[in-house]
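Labels run A, B, C and D following the written order; every chain starts at residue 1.
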Amino acid sequence: MSDLSKIPIHTEKHAPEEARTNPLAGVFDELVRFAQSRSMYMLHYCTGCGAIELPPAMTSRFDMERLGIQPMVTPRQADILLVTGYVSVKTLKRIILTYEQMPSPKYVIGICSCTVNGGMYWQSYATAKKLSEYLPVDLYIAGCMPRPEAVIEGMRALMANIQSGETEPWKDYYQRYDYYLGNQQHLFGDNWQTPTDVIGQAQHYGLAGPETEGEHTRILQQYQQPLVAHKLRLK
Amino acid sequence: MEIGKRIADIILMPIVAFVIGLFMVLMLRKIAAKLQRRVGPPFFQPLIDIIKFYSKTTQVSHGLLHDIGIIMAVGGYLAAESLLPVPGMDGLSDKGGIITLTYFLMIPSLGLALGVGQCANPNGSIGISRALTAMLAYDIPFVIVIFGVAWHYGTTDLSEMISLQQAQGWGAFEMPLLALAGLFALQGMMGKQPFEIYVAPAEIATGPMVEMGGKYMGGLFVMQCFQLYTAGVLYTTLFLGGGTHWLDFLIKIFAVVAIPMMIAFTFPRYRTEDMLRLMWKWPVLAGLLGIAFVMY
Amino acid sequence: MTERELDTHLVTILRELESLEYRQTSPRRVRIDVTREALPGLLELLKGRASYVHLSAISCVDWIEDNEFELVYHLWSYESNHLVSAHTRIPRETARYISVYDLYKPAAFFERDIFEMFGVYFEGSPHMEKFILTEWDGPPPMRKDFDAEAYVQETFNWQSYHPDWLKELEEEGGGVAIRPEEVRR
Amino acid sequence: MRPENYQAQSHPPSNEYELFIGPNHPGIEGNYAFKLKLHGDVVLAGKADGGYLHRGFEKLMEGRLWIQNIALVPRICVPDPVPMEVTYSMAVEDLCGLEVPERAQWLRVLQLELSRIAAHLFTFGGHAATTGMYTTSYWGIADRDLILDLFEALTGGRVYHIFNIPGGTRRDVPPGFLEQVSQTLDYLESRLPDYDNLLFTNQVFITRAKDVGAMTQEQALEWGVTGPNLRATGLAFDVRRDDPYLVYEQLEFDVPTEAAGDAWARAMVRRAELKQSFRILRQVIERLPSIGGPVRAPIPNPLAWNVPAGETYARVESSKGELAYYAVSNGGDKPYRVHVRGPSSMHAVQVLEWLAEGARLEDVAQIMFSLDACPPEVDR
């Protein structure tokens, strides 16, 4: 193994967006970012086996509440979607539905090696391999499975990123919706649709970019049907 | 009382209530943490949570009533705060009195019911129907207690009750049975275990809150602060002689809120009908006996 | 009753039926090979007269070279503490068999599982529909002629093991010490 | 804004409605879904919906070497992984006719019982949390972590250990490990009264758990219920005692039973089993130092290990019930077929559907957790 200390460390300076004239605006933005980084509600959704290390991280031994991290039950209240482990195609659909229902700013953490590249299920026909193809992922925590310390460390890294205003992949989902939708359609078929009107949201919040719409969103519009109330089917 | 002081009180009292409510939420979470053998949240966590929710970019509204519902929920408590006398500030308490307050305390639940109804989420609908059932359960002993206390002091004016208690001694010693029934009603009013039937995450995924996100959830967090404060101050005013100065007032209201919290984290929750059965049996019985003692 | 007695009891029952072979593979395991016509009758006898009330599992094996599916019914007796495995074979083309749900309730789960994974249809089974693979429209995946690896390579993309940012690092002398390709060689 | 293109529709008035529990719901153990048809609070019909955790294990195993699959099997049941490794190893040993050294058998019993304690503590916590009792679940999960620490000391992994291989175990115990186990057991035993005070004698919990999801012994046998859930109906059956494997025949333990068959009885059986596991572990700690010999039988080169053709059905008692592996070899270096019979394949699907019928909405989550259903075993 070559000398690890020789690896150069890259630091890139981010250009400030545009100078705000009001000095208080900067303070206010800082406060909001601080609050967003210190109060992270994670969605209570165990998508895979990595979820077994979340209870220890949440409960008395490692106590995530020290850092303001709490489990929350519904996507509407949650800020972080923890994708804990492999995602089967069936789960991936639900993850996308859930992700689109979460209010932005929202963050996705891929826990376990399986979310990075399929992990040890690389030859399984049922699991999706690269999570970042379908959703904008903020952070990966590798390991099979990562220990609670690693999970908390990853959360802290995300906190630092939020506070410095660096991590905003949730905007990427609106700006490059066509790319993500294309990958989703490749896996789920052309008639894939979700109840959330992502394009409408992007336009409403001024996040629409040149790649928001494209060939895949045209396919979506072609197949899109208005959602109707669920019919009673059971027995 | 001159008009300027009154307006200043009306503005100041909800702010005071909110700040104290934040500390009560912090205390709630710290008590839970201590019982569960962990550290618990940092000092400013309740405030940070609320700022976070209000800073959300996406606000998912399900219609006009959804918006109005939250406004009613918070507004009902805001109005109630101006009727609750605190040391140095009386607000509208001499005008409103305890009967008006009892009505105001029902507004939040009804407002939530309106708002949640529009969300069209079955979990929310079940939750709100349970919340209204719970209100029905705790309101019977609550009204009995209010009636008994008002009869005992011969007035419905809260500030007058305080001065009477400070002259004669605390209501809890004069009406122990009513005070006991009041504690039960308090536990139900705060919606904590064993009466936490309408949040019930494992059953109906937090019930009324299920479709709330962003500002709406922030509104509910603000409402929780007011709720804890109102419960604490109301009980203190009725049974613990209110406050002569801020120090003993704060000690009393925090102590009153701490009791249900400690019970809450050492009990599971009842089923809906078990709550009704319990609420309509022991606290009502104690309350009626208490009234009998008060009357004769 | 001792175990030995029950053993003879089981043997007498098995002797009543024709067209089956049985042998004891270990002290508590009995293997029975039976034709597909006789299997439901055998199970009925085992449950009704020999206390084999617990259907532990139904396994299916795809013997593609013989062009047959092997179905194995594992039965346990809480009284004699023996496990009987009844093996039978059905042709691979038709892939149809009779459900034993009316004898053993647990059979419904295993039969549905085999239906999904191997495409064997069980007549009379209550839930002949998809349960696990509701979002899957390919061939039954557990059949030997379905090549999962080829399907995966065709369907999914992989994370690049040598992304651009790593190349930049390597030009400056850093990077991964041992390549994954080198490790696999 | 109204972000969702939902269009309200009018329906004829009805008291019946459908409710989805899961896959994203705290009342569901793991990634699993349950559809309910309700009339008021009463469940008219329930339908399980699995497959969210499907990875195609059985297919994956056919594509990997016999020894490689050891890394795969513990993933089939995350809260209780050790029985998976042990059962698979037992199946391979049976196919090859390998004799496992006695010391390795004792080591396996040690791990199996530790894993059972960890799984039961986890289940307690989950069961209590479904009734709104979070303190127990916080304690239970924190106490379970002590067992995970022991596993880390023994195997290097907290959750997945990959410690048992066909032929024995990978290593021997590290020095001082048995004292560490003994101390942890003392601590856990001293915590049991706390759990009793908080949960098992809590009148509210008793009110909630009694008569919930009750079944009789005949019904349990009919629906293929196994493990603690079967013992809660009064049948004293334990694979460890009645179909013995490893060295369980040399160990003294009772098979605790309860008569009622409801959620309460199931919780009490688990509590009693904790004590039996403590008892077994103490015997292991006492006997293990006196048993010498290797911890691993010599096995051929694992990368070119052609297991003789044949088939076997290996069966153990996991913390959730009867766990079995049906392994078939055609003489190759990879399994021809491995079928996993997880205990939850009964509990989480048919039994849950059947018990939910007529139950109350409040109790559905509790029934699922009291059955200790583990969805990855269903989906595989």
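What we mean here is this: a residue touches a chain if its C-beta (ideal position, glycine included) is under 8 Å from a C-beta of that chain, and two chains touch if they have at least 3 such contacts.
The shown structure was predicted, so the numbers you read here are calculated from the model rather than taken from an experiment.
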Checklist line | Shared chain contacts [chain A and chain D, defined touch] | finding: B, C
Checklist line | Cα-centroid distance, chain C relative to chain D, in whole angstrom | finding: 21
Margin query: Between chain A and chain B, what distance separates the C-alpha centroids? Give it in angstrom.
Written below: 37
Next item on the list: Express in whole angstrom the distance between the two chain centres, defined as the mean CA positions of chain B and chain D.
Entry: 43
Notebook entry, point to check: If you average the CA atoms of chain B and of chain C, how many Å lie between those two points?
Noted result: 58
Notebook entry, point to check: Hey, what residues on chain B touch two or more of the other chains?
Noted result: 36-38, 58-60, 201, 205
Note to self: By the touch rule stated above, which residues of chain A touch at least two different other chains?
What the structure shows: 44, 59-60, 73-75, 90, 123-126, 201
Next item on the list: Would you please write down the residue numbers of chain D that are in contact with two or more other chains?
Entry: 1, 3-4, 6, 8, 17-18, 25-26, 51, 54, 56, 59-60, 63, 138-139, 142, 379
Notebook entry, point to check: What are all the chain pairs that meet the touch criterion?
Noted result: A-B, A-C, A-D, B-D, C-D
Item checked: Touch list for chain A against partner chain B, complex -> 31-32, 34-36, 38-39, 44, 59-60, 63, 65-66, 68, 73-77, 79, 101-105, 201, 205
Check: For the complex, which residues does chain D have touching chain B?
Finding: 1-4, 6, 8, 17-19, 25-27, 41, 128-135, 138-139, 142, 198, 202, 204-205, 207-208, 360-362, 364-366
Notebook entry, point to check: Which of the residues in chain D end up touching chain C in this complex?
Noted result: 48-51, 54, 56, 58-60, 63, 94, 221-224, 226, 235, 237, 242-243, 311, 313, 315, 322, 324, 326, 328, 336-337, 339, 341, 345-346, 349-350, 378-379
Check: Touching chain A in the complex: which residues of chain B?
Finding: 29, 33, 36-42, 45, 48-49, 51-52, 55-60, 201, 205-206, 209-214, 217
Next item on the list: Would you tell me which residues of chain D are touching chain A in their complex?
Entry: 1, 3-9, 11, 14, 16-18, 23-26, 30-31, 35-37, 44-45, 47, 51-56, 59-60, 63, 71-72, 75, 78-79, 122, 125, 137-139, 141-142, 144-145, 148, 158-160, 376, 379
